[in-house]
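There are two complexes below, and they share subunit A, which is joined by subunit B in the first and by subunit C in the second.
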Partner chain A sequence: MDLSACDVLVVGGGGAGLRAAIAVAETHPNLRVAVISKVYPMRSHTVSAEGGAAAVIKPGDSLEEHAYDTISGGDWLCDQDAVEAFVREAPAEMLRLEHWGCPWNREPDGSIAVRPFGGMKAQRTWFAADKTGFHMLHTLFQTTLKYDVIQRYDEFFVTKLLVDEGRCQGVVAIELGTGKIHAITAKAVILCTGGCGKVFPFTTNANIKNGDGMALAYRAGAPLKDMEFVQYHPTGLPFTGILITEAARSEGGWLLNKDGYRYLQDYDLGKPEPRPVLRSMELGPRDRLSQAFVKEQEKGRTLEGPYGHYVHLDLRHLGEKLIDKKLPFVRELCLKYVGIDPVKEMIPVRPVVHYMMGGVSTDIDGATPLPGLYAAGEVACVSINGANRLGSNSLPECLVFGARAGKVAAAFAAELKAPSPSVLTQAHDEERRLEEKFRRGRGAKERIATLRAEMHETMEESAGIYRNGPALQKAADKLRSLQERFRHLTLDDHSYTFNTEQTAALELSYMLDVAETIVQSALQRTESRGSHQRTDYPERDDKNFLGHALAYRAEDGPPRIEWVPVTITRWPPGQRVYGR
Partner chain B sequence: MNLTLRVWRQKNAHARGRFVTYEARNVSPDMSFLEMLDVVNEELIGREQEPIAFEHDCREGICGACGFMINGIAHGPKRGTTVCQLHLRTFRDGDHLTLEPWRAKAFPVIKDLVVDRGAFDRIIQAGGFISAPAGAAPDANAILVPKEDVELAFDAAACIGCGACVAACPNASAMLFTAAKVSHLGLLPQGQPERNDRVRNMVAAMDREMFGGCTNMGECQAVCPKEITIAFIARLNHDLLAASFKGRKPPRTAASP
Partner chain C sequence: MPATVALAVARYRPEEEPAPTLQTYEVPFREDWVVLDALNYIKDRLDGSLSFRWSCRMGVCGSCGMKVNGTPVLTCAAFLSEHLPGPIRVEPLDYFPVVRDLVVDLSDFMRKLKKVKPWILREEEKPLAEGEYRQTPDQLDAYKQFSMCINCMLCYSACPIYGLEPSFIGPAAIALAQRYNMDSRDQGARERLEILSGYDGIWQCTFVGECTKVCPKNVDPAGAIQQYKLTSAVHWLKTLLPWGAR
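Up next is the complex of A and B:
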């Protein structure tokens, strides 16, 4: 086993992770920072965010309005102190990125250009064509390269958090290129590992989004918060799940059912106008749009293709010029993946799993209840997203809370002495576990592909857009048995270099943990709120459920759920009103 | 459809590699090239053989992870696409395809079709960032940037760092990559203060990494999945010439906050 040490260890090289690393290097230049990532940082999933990042910048807009849109969009489950910090710090973060070289789109007068986005009452979404995440990530990556104190462990896969004396003191990771096992000790660890879309079969998320960090924290004893809230994006391509960005609707795209009718007008989302209207129709929030799709399907008004039901996203009336200027990537994706030219044809779309509102529970500085452990970005639940995230809030969330977590973790690490020696015993145990379980393990009979397929089926059937008690209970039981069967997994690839079967097995084990917390939290939240809709409990119930579900790992059995109240500062729970 | 694949197999950086032939049977023309490799790999795993290692992540042509040579062409025969965006309908039933990793001294093979592209990072490290202080309290106002400049900067910034340009170049030169990075920052006002040092330091880093020199063959732009043109190389050469007449500041190492 290889040993190394640093002061602050960032797990994840996406938007949140790189921003956190820079914050440490900026505020405490004497600390050694390490960024560990299972893929090259520039391949992190942030790279595929298209639409944009929200921050108040234009005259006439206000922080209060951004906060209100976020809180009502989240169906009052957001912690309002966190939202206030978020909207206040987002503009400075976006400007900082510009100073580091991010090419934000411009108005003809040279000022920052913004576009409308779903659920937002003012135009405040900054963008870099439709490759916003790509440009943000490249800017952050290039900026990390100027700090010599930031060391990178690229293509290292973290398998365990080392916890001793009640605090997190490092990780164990596999170096994918050689198969070597490393123990990396640290005074503070920041998890920035992104989401867990791959728990579901149809998702816009890439293969690397398996909830690794959520499972790592959960196994170390930290709770996962609000895991029942899974966002479906209303416009994914059937079959591949590739996302057609919301920007397509903010530029004026229409959603049409099989009769060519803008069906959203039937779901209390406003009246159809030829031009886009903020917080109305196609610019409503994602949960409501995805729910409307299911209702249309029940009424038999969707279309049916080889890959299931779908509706149409119509951009034709926008014209070739606008599409090429503002949505070039949408045209590229449609041409390359479905052979459709959106200038001339309508795009088939359906809701697909997109984003995880829940995650590792943190306070507004990114600190988890486990000392020395921090989290930021999609892996964390602060929570600013509540029961439904607004599009374009999560990229700035990565910046604001990445920076906050970085600063606070650095201050924590600066005060501490070296890690306790006994963590290394733990690291050796982990090495043994990995060797035994994932390198030998012949003779058993369960296969990764089978278990994964059964998990996907279970999640799709029970934890989709609409849920009910009996289906969730059945799913909870099924996931228990999948956990059991996982113990009898067999692996055929015993090589040390880029053993993709081994990583797939580890990822599956993470996903099974995460899936259990989703199902258990959904089962116990007997109300409907935001993206969590229970057909057996169709109403929002503020009396009993204006609170966050915290899922803790239990020794043998499903996760244990505890409840904590939502923080309300200025906006008492109200009605969510769109299009009126 | 059926395809015959001759694939470069190499256990690790030190091992000797060789071509091994595989058959991809009954694959659908609608599949992407990487999905076809997934199918081949599933079969290999089923037969208790090691799957073919190749890099991929987003599978939407944006992350820059994927890339290898197909019949001698980086990212395969279709223009302006990465391997992950290539579909089997581009090929004919019964085709024989040779798959090889990028071949360049600066990109050592790690395993099968996977190469180490760390040299690209080191070029950026030599100056591909803005260190003009923006740290603690950025200006309340954004910098005004002419719209056309941003648009040209976008074209340069579109580089995904896949390495196809190097693989296609008979000299294994990294000029298109470096030119794209230099131009992106050089076109924006915030990139001006360090413009001269940047181009000098990045070109020096490129030489250190043992990339070849550019002799204007233009093979790079033909394979670039983002269709970045060699016009940016002209821009780099222009900047480099201008910089060599200007005073030289000591190269930056660590940044001061």
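Up next is the complex of A and C:
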């Protein structure tokens, strides 16, 4: 086993992780900071974000409005102190990225351009065409290269957090290229591993989005918060699940049913106007739009293709010039992957799993209840997203809370002595576990693909856009049995060099843990709020459920759920109103 | 359309075999499947030991570059139907050391990328409170194309110069250097020029142009290199003048 040490270890090299690493390097240049990632940082899933990043910058807009949009969009489940910090710090974070070279779109006078976005009452979404995440990630990654103090462990897969004396003191990881096991000690660890869309079969998420950080924290005893809130994006391409950005609608695209009718007008989302109207119709929040699709399907007014039901996203009236200037990636994706030119043809779309509102429970500084462990970005739940995240809030969330976690973790690490020697005993135990499980595990018979497919089916049937108690209970039982069957997993590959089958097995085990927390939290939240819709409990219930579900790992059996109240500062729970 | 198609896939397991071999797998043919879907079918159903990288499956993360029938492509965007009747040959990218099967070692590029200083260099920083650096849409257009590089390494795999002379800094890194040079907010062109006009830099390129042909994002690294040569030549000529380079 290889041993190394650093002061602050960032797990994950996407938007939040890189921002956190820079924050450490800038505020505490004497600390050793490292980024460990199972992929090269520029492969991280931030790269796929398209539409934009929200931050108040234009005259006429206000922090209060951004906060209100976020809180009402989240169906009052957001912690309002966190939202206030978020909207306050987002503009400076976005400007910092501009100073680092991010190619933001511009007004003719050279100032930052903004576009409308779903659920936002003002235009405040900064964008780099429709490759915003790509440009942000590459800008951040290239900027990290100038800090010699930031060390990297590229293509290292973290299998365990080392916890001793009640605090997190590092990780055990597999170096993928060689299969060598490493123990990397750290005084503070920041999880920035992103979401877990791959627990579902149909998702915009990349193959690497397996809830790694969520499961690592959960296994180390930290709770996962609000895991029942899974965002379906209303416009994904059938079969591939490739995301067609919300910007397509903010630039004026229409959603049409099989009769060419803008059906959102039937779902209390406003009246159809030829031009986009803020917080109305196609610019409503994602949860409401995805739910409208299901209702429309039930009425028999969707179209049907080889990959299920779909509706049309019509951009034709926007014209080639606007599409090429502001939505070039949409055109590229449609042409390349479905052979459709959105300038001339309508795009088939359907709701697709996109984002986890829930995640590792943190406070406003990214600190988890486990000392020494921090989390930021999609892996975390602060919570600013509540029961439904607004589009273009997640990228600035990575920056604001990545920076916060980086600074606070650095300050924590600066005060500490070296990790306790006994963590290495744990690391050796973990090395033995990995050896036994994946190298000598012959004779078992379960295959990764089979278990994964059954998990997918279970999640889609029970934890989709509409849920109910019996289906969730059945899913909870099924996931228990999949956990049991996972113990009998067999692998074809017993080698050390870049063993992707071993990685996939570890990822599957992470996903099974995360799936259980989603289902158990959904089962126990007997109300409907935001993206969590229970057909057996169709109303929001503030009396009993204006709170966050915390899922703790139990020694045996399903996760244990505890509740903590939502923090309300200035916006008492109200009705969500769109289009009127 | 055929019911199945054969894939001849390069295998190399350094712990077991001394040299790469080709292994043939029969997979279902589907009109909307790309080569990457077929590889995943193999991994899930036929042979879990096949190793390859992939992630976004939408042509933006840059992970899944391989050679398909001899040409470097993103396998998530290479349809089986474009490569019928088969067998479709899938191999790792050229000119990089092969780690395992279809996985190549990128550490050479990662070192070169850092060498060209792909970040904003400025003599003085303006405080955030003073807002953004103004940049008109035309100024943005001047470098935007070079900023689209996804680091997929197809250009290196297509570059015969890189094949002959591995010290060549290579198309993507040069395009990214040019991305910052052309950015109105940057003042680092001189600093980068010293790196890029050196022995391993732009002058090694004989303008074969293969890099631009295979680029999935139309970055045009060959164009970046030619622009750079011009800048470098002008700079060199200026150093000959009595008042020296500016």
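The working rule: the second predicted complex is superposed on the first by the 580 of 580 C-alpha atoms of A that agree within 3 Å, B and C clash if a C-alpha of one lies under 4 Å from a C-alpha of the other, contacts with A are read in each partner's own complex, and residues count from 1 in each chain.
Everything below uses one rule, namely that a residue touches a chain if its C-beta (ideal position, glycine included) is under 8 Å from a C-beta of that chain, and two chains touch if they have at least 3 such contacts.
For clarity, every value in this text was computed on a predicted model and none was experimentally measured.
Novice: In the superposed model built on subunit A, check whether subunit B and subunit C fit or clash.
Specialist: clash
Novice: Check whether A:Thr500 is in contact with subunit B, with subunit C, with both or with neither, and answer first, second, both or neither.
Specialist: In the superposition, A:Thr500 touches subunit B and subunit C alike.
Novice: When the two structures are overlaid on chain A, which partner does A:Tyr466 contact: first (subunit B), second (subunit C), both, or neither?
Specialist: Neither subunit B nor subunit C is touched by A:Tyr466.
Novice: For A:Tyr261, select first, second, both or neither according to whether it touches subunit B, subunit C, the two together, or no partner.
Specialist: Neither subunit B nor subunit C is touched by A:Tyr261.
Novice: Tell me the contact category for A:Val149 with respect to subunit B and subunit C: first, second, both or neither.
Specialist: A:Val149: touches subunit B, not subunit C.
Novice: If we overlay the two complexes on their shared chain A, which of subunit B and subunit C does A:Tyr552 touch? Say first, second, both or neither.
Specialist: In the superposition, A:Tyr552 contacts neither subunit B nor subunit C.
Novice: Touch test for A:Asp492: subunit B only (first), subunit C only (second), both, or neither?
Specialist: A:Asp492 contacts both subunit B and subunit C.
Novice: Share the list of subunit A residues that count as touching for subunit B in one structure and for subunit C in the other.
Specialist: In subunit A, positions 39-40, 42-45, 47-48, 92, 95-96, 98-101, 103-106, 108-112, 131, 134-135, 138, 142-143, 145-146, 154, 177, 206-208, 242, 329, 332-333, 336-337, 449, 492-493, 495, 497-498, 500-501 sit in both the subunit B and subunit C interfaces.
Novice: Provide the residue numbers of subunit A that touch subunit C in the complex, in ascending order.
Specialist: 39-40, 42-45, 47-48, 92, 95-96, 98-101, 103-106, 108-112, 131, 134-135, 138, 142-143, 145-146, 154, 177, 206-208, 239-240, 242-243, 329, 332-333, 336-337, 447-449, 491-493, 495-501
Novice: Going by the contact rule at the top, pick out the subunit C residues touching subunit A in the complex.
Specialist: By the definition above, subunit C touches subunit A via 13-16, 32, 43-45, 47-49, 51-63, 77, 99-101, 103, 105-106, 110, 113-114, 117-120, 125-126, 128, 131-137, 139-140, 143-144, 147-151, 176, 180, 183, 185-186.
Novice: Along subunit A, where are the residues that touch subunit B in the complex?
Specialist: Going by the criterion above, the answer is residues 25-26, 29, 39-40, 42-45, 47-48, 57, 92, 95-96, 98-101, 103-112, 128-129, 131, 134-135, 138, 141-143, 145-149, 154, 177-178, 206-208, 242, 329, 332-333, 336-337, 449, 492-493, 495, 497-498, 500-501.
Novice: Along subunit B, where are the residues that touch subunit A in the complex?
Specialist: Per the stated touch rule, the residues are 11-12, 42, 45, 48, 50-51, 53, 56-65, 81, 85, 87, 110-112, 114, 117-118, 121, 124-125, 128-132, 134-135, 137-147, 150, 153-154, 157-158, 160-161, 184-185, 188, 190-191, 252-255, 257.
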